[in-house]
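Pasting a structure below so you can have a look.
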Amino acid sequence: MKIKMPVIMVNVKAYSESMGDKDIALARACEEVKEELGVSIAYAPQMVDLALVVREVNIPVLAQHAEAFLPGSKTGYTVLEAVNEAGASGTLINHSEHRLELADIDFLVSEARKLDLYTVVCTNNIPVSMAAAELSPNCIAIEPPDLIGSGIPVSKAEPEIVKMSVEAVKDINKDIAVLCGAGISTGKDVKAALELGAEGVLLASGVVKAENPKEVLLDLANGT
Amino acid sequence: MKIKMPVIMVNVKAYSESMGDKDIALARACEEVKEELGVSIAYAPQMVDLALVVREVNIPVLAQHAEAFLPGSKTGYTVLEAVNEAGASGTLINHSEHRLELADIDFLVSEARKLDLYTVVCTNNIPVSMAAAELSPNCIAIEPPDLIGSGIPVSKAEPEIVKMSVEAVKDINKDIAVLCGAGISTGKDVKAALELGAEGVLLASGVVKAENPKEVLLDLANGT
Amino acid sequence: MKIKMPVIMVNVKAYSESMGDKDIALARACEEVKEELGVSIAYAPQMVDLALVVREVNIPVLAQHAEAFLPGSKTGYTVLEAVNEAGASGTLINHSEHRLELADIDFLVSEARKLDLYTVVCTNNIPVSMAAAELSPNCIAIEPPDLIGSGIPVSKAEPEIVKMSVEAVKDINKDIAVLCGAGISTGKDVKAALELGAEGVLLASGVVKAENPKEVLLDLANGT
Amino acid sequence: MKIKMPVIMVNVKAYSESMGDKDIALARACEEVKEELGVSIAYAPQMVDLALVVREVNIPVLAQHAEAFLPGSKTGYTVLEAVNEAGASGTLINHSEHRLELADIDFLVSEARKLDLYTVVCTNNIPVSMAAAELSPNCIAIEPPDLIGSGIPVSKAEPEIVKMSVEAVKDINKDIAVLCGAGISTGKDVKAALELGAEGVLLASGVVKAENPKEVLLDLANGT
């Protein structure tokens, strides 16, 4: 399934609020908001729920992570081919909570290209974003460390890092979409991120831990 | 779902032969053999297929691995609570292809106990099996390194390591079931393992890469 | 060089206060206190200073860590044979800041035995200490997580975990020395640890970050 | 100590032929060849021998690896500050046998710059070399995977990857020196590498496992 810009990507991490039936319910809320407002939303469920969530909703589903192996004799690791066979649309790569070796990011981006899986490489600053851009993923999500899980809106702190990262990435490869991957809780934050040149946002706790996730998603969607 | 002894545990690893629909088909074959012959079979699917496979078959389903974290802000890792919410019965721990730190094995075994998840700790020799026994998992699967994926039957090479491991583990804690985790391809191997004191077997490629997995499973089941 | 009990082991970690010339000065302070008071002190310098410190002082020197490899084509890792050739007396294994896989602890303990290197396996609770004891290292250092770097004396918090760990380890193998690896800052703490059954202590910041490390060492030595 | 181009960098890895006294002897051989032929040679000893080797020879000494931490409460890891205090001139980063996370390569390169330590980032292909170039290390060493430890001279297999990597790196940052990090055993190979645009070579077993390392070094030096 294609991922259209601007996009809201929801990463449910390993939160207890997004497991089992609650994982499916959250994915459904994303699907409803997409249908009601016509916005683009992608959803990264718990790894063990991936194949099930793909069957339950009609929005792009992403793996939170994949290992830099080809299929084979490996236990307890998820390879890109399994993500693909599960029907997912792509994968996050190198999330700040699951950093990868440089050579493995390169492996994953180029293997995913062969499988037509969408790649979102997370980065923490401008030089790292430029390095990632040389690997030509579909998308780069900037996560300025000071904003991760801080509740501080990106428009208040470090807006320039988003702006400069977008420019630096586009200078290297204008086809890479850049997302704002931290400092997003509200529709206002989404709007600010888009004004800084981002083509979407990646967020987690703001949705997953909300009392009413659908309400938050509607607000976020209004920012696009 | 309870795991009864003697048991045949099938770990599908990250093989391309056990992804997506093929993962479900393999789980179904296990279910059929269990129903036809009344044997105990547990199935460890691809991590991303776990919740889906649990819904599709009526046999105990295991995770191939879980991380030693509590639920929370972790991306691309599977915690025990997500395994539990997916409806799985337990998890492999410390597989030879996914070794864990000693303190993490202890964490996983004791957290799984609270969630009533079944724990299968893999070990590579007698001292390590004894160390694992001190942590009181439900089950220990011995994988003598020389037999892993070798095609050599355990009855031909290193039968004594299984026998001595069973005795060493039972001396420490007689409630721990001991499985033979390598050197098993046929019903004859299963029979040999049980005669050496094992209460079941853990295998992978012998089933997953078979031309006719159900036939292999029937043969294995006849060894119990 | 033999390590006699009761022992004070000083781990200098990667502190800036214990690098280069300061690493040698700290090792000298240990040597002086050993000579002045006749106590047993072992010293674990920065990894890159190991061979140099061995040449500079006449007390047992330990590696802070070793990798579970045999010598060979590995870059930037320290194997036991290099520790041995550097003239060190042994190594810490599985420190709380450098946890190891269970099978690797087993590998290191049994390889070190062949090289006659002294092994100190760090553990975090009673079941893990019992598991470690099954591997028969020379020594186990208990580091109750709540006490690590807390400044809380072991006699005030969790004295029972030291006492019970000593008993549990000795029940499995009475030849293993048990050290108290956290909650030690003063000679009074050392005395308390020995009264709880420990045969020595392992400490770091209390010495390394002291304004006058030798004074602290003299106080610690008076507790033995 | 400055590293002049063209350079021969010798990485002794964790080979048994380069431990303890043999490590110092190898470093001396490098020093002698440097003095006799006036060539630039840098030497990366066993990690535990680093400070000692620095004192014993008058050539640039490199760490084989450093961890992406600041000094502090870390056990058994080597930080850049300890490398610096040991008197070393720089460090290898991201060797094919010790891969690092992208964000950690960035951390190490920028921290090393502050300490005036020379950085040699190892890479495995052209896109990864370009990514590394965006981080502005002093030097990039290309290690085409098929040539590592193969004994195949770089001039025979994959010469174009060296040539194209040099061009790609220089296009991004002309101040970065590019080394050929695999396929080098003889002076002829060194010559071929320099003709392909490399400014030096990084090698290991060819020197360390030679019957007469000094002879090999003399031959290599004649290729510069």
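Here the chain labels run A, B, C and D in written order, and each chain numbers its own residues starting at 1.
Methods note: a contact is a pair of C-beta atoms (placed from the backbone, for glycine too) under 8 Å apart; a residue touches a chain by one contact, two chains touch by 3 or more.
Please read these numbers as outputs of a predicted model, since none were measured by experiment.
*Asks:* With a step meaning a move to a chain it touches, how many steps does the shortest path from chain A to chain C take?
*Replies:* Between chain A and chain C, the shortest chain-hopping route counts 2.
*Asks:* Is it true that over half of the residue numbers where chain B touches chain C are used by both copies, so same, or is it different?
*Replies:* same
*Asks:* Which whole number of Å gives the spacing of the CA centres of chain C and chain D?
*Replies:* 33
*Asks:* Using the average of all C-alpha atoms in each chain as its centre, how far is it in Å between chain A and chain D?
*Replies:* 37
*Asks:* Report, in whole Å, the distance between the mean C-alpha point of chain B and the mean C-alpha point of chain D.
*Replies:* Spacing between the chain centres: roughly 44 Å.
*Asks:* Identify every two-chain combination in which the chains touch.
*Replies:* Applying the touch criterion to every chain pair yields A-B, A-D, B-C, C-D.
*Asks:* In the complex, go through chain C and note every residue touching chain D.
*Replies:* Checking each residue of chain C against chain D gives 11, 13-16, 19-23, 46-52, 55, 63-65, 67, 69, 71-79, 81-83, 85-88, 92, 95-98, 149, 204-205.
*Asks:* Can you tell me which positions in chain C touch chain B when the two form their complex?
*Replies:* Spelled out, the residues of chain C in touch with chain B are 94, 99-106, 110, 123-125, 127-128, 130-136.
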